[in-house]
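Take a look at this one; I'll ask things after.
Here the chain labels run A, B, C and D in written order, and each chain numbers its own residues starting at 1.
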Amino acid sequence: MTIDPRIQASFDRQSMMATLGAQLIQAGDGSATITAPILPGAMQQQGFGHAGLTFSIGDSAAGYAALTLIPVHQEVVTAEIKINLLAPAKGDRLIARGRVVKPGRRLIVVASDVYAETDRTERHVACLMGTMMPVDL
Amino acid sequence: MTIDPRIQASFDRQSMMATLGAQLIQAGDGSATITAPILPGAMQQQGFGHAGLTFSIGDSAAGYAALTLIPVHQEVVTAEIKINLLAPAKGDRLIARGRVVKPGRRLIVVASDVYAETDRTERHVACLMGTMMPVDL
Amino acid sequence: MTIDPRIQASFDRQSMMATLGAQLIQAGDGSATITAPILPGAMQQQGFGHAGLTFSIGDSAAGYAALTLIPVHQEVVTAEIKINLLAPAKGDRLIARGRVVKPGRRLIVVASDVYAETDRTERHVACLMGTMMPVDL
Amino acid sequence: MTIDPRIQASFDRQSMMATLGAQLIQAGDGSATITAPILPGAMQQQGFGHAGLTFSIGDSAAGYAALTLIPVHQEVVTAEIKINLLAPAKGDRLIARGRVVKPGRRLIVVASDVYAETDRTERHVACLMGTMMPVDL
């Protein structure tokens, strides 16, 4: 599937994604998917992926889901987002799937689920729910 | 001020903190402070600090605030946390101040405020409120 | 469908539900459904249902979803819950559908969606995500 | 202290507040205070105040705190709000103190703390953090 160059370019400007080894693998029609390895440099104290890693890709997946639905002269910024952590982030890689729950001109309500994949089996490790705000470029 | 070696050791195991250049500068009596530069590798698409950076140090500051209040045979993990972003993360460095709102044997409610410092002036960029769960080592 | 008498009895002890005219219409297998009219005494300042009404039934639906999965010697209490309001609460009645996202012995992560029904058409008015804590009776 | 008649009138239109026996006792300069008894009709299943009661006055206190800072041709609506419950709502009455954390033209970040008062001693029972959105009347 092809990703809109405008969305890919925005993702590529997020240097945090490169630092975390994250890739945008799908974006369109109010959803977006980001994958990331659990790099040695992204751990918490017990050797699992840091909540900040899970949050970063979950938040970005939600943001790019929103970006697929707004006019080209706008970007989105996160107004607020909450994460519930369900299980340790361990495995071969993380997969964050974001989606728009409710589009809007002023606010876009979004959600995201993050899974840890091990031997092609997915485990649900976090869910996020938040609000994106469109801003003019 | 001296930081409890057990807390410093836990922080040092969080490789995410090293990746972000973060330092634990205070921890004790239900509070903790973490500072971090806004590294070139921690940006969002507009060139400000990524929400994942602000979140990571805000979450960790809240977690270490909780850790100061629990028995030595326990660690804490984040059960859930919400972040409201108030202003772009730009400036010389970020400062995250975490505190325990309500200690508890089963759950510890925590909060954190993140500031961006520019020329020694602080701007409030985010507030977090969440729940830490003590777990046996 | 029959509702477990233990769950119905718990619901009947929630006098807030009676005050709001709410009814438990389904509970089992990690989900629960509550309906409520938008009573004249449950309005906000613009004449729509108060966020507290939407919250109350959304929170209770999530709680009873959790209760269906725990041992009979336990109850659940809400540790935390977040609500995103998507549209005004107006129409013939509200329907809150709660579900367990992740069961657990110490914490149960739950979600709930609230809809406003008008002429048998549903509109999504709120989504909630939270944490229930099992407690011994 | 005198409450701005516009704010009192808005509060008086919130029939949910009357149903809960709630009173607006202060509003001005980015803060507001609401008190409420724990009425027999506002209980959860264990005989404590329902989370929906605590939420309702906490949310409204935060909303009126925001209303003190916006132009007279606008109202506010809750976009989202999260509540962490710290202790059972029991005692002589509840007191919700709302405040503006960050004013804004598009979004107003707010917080609220709810206390249960028994024999003039207050116990912290909940904290809320959320987002209000100004809307034209």
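One rule holds for everything that comes next: a residue touches a chain if its C-beta (ideal position, glycine included) is under 8 Å from a C-beta of that chain, and two chains touch if they have at least 3 such contacts.
All of these numbers come straight from a predicted model, not from anything done at the bench.
Undergrad: Return the chain whose centre of C-alpha atoms lies at maximal distance from the corresponding centre of subunit B.
TA: C
Undergrad: Any idea whether A-B or A-C has more C-beta pairs in contact?
TA: The comparison resolves to A-B.
Undergrad: Just curious, how far off is subunit C from subunit A if you go by their C-alpha centres, in Å?
TA: 28
Undergrad: Hey, how far is the Cα centre of subunit A from the one of subunit D, in Å?
TA: 33
Undergrad: Whole-Å distance, subunit A centre to subunit B centre, using C-alpha means?
TA: That gives a centre separation of 21 Å.
Undergrad: Could you list which residues of subunit D touch at least two other chains?
TA: In subunit D, 79-80, 82, 84, 109, 131 touch at least two other chains.
Undergrad: Where on subunit B is subunit C touching in the complex?
TA: Interface residues on subunit B, with respect to subunit C: 79-80, 82, 106-107, 109, 131, 133.
Undergrad: Using the touch definition from the top, list the residues of subunit B that touch subunit A in their complex.
TA: 10-11, 13-16, 18-20, 40-47, 50-53, 55-57, 59-60, 75, 77-85
Undergrad: Considering the complex alone, what residue numbers of subunit C touch subunit A?
TA: Per the stated touch rule, the residues are 82, 84, 86-87, 101-102, 109, 111, 124, 127, 129-131.
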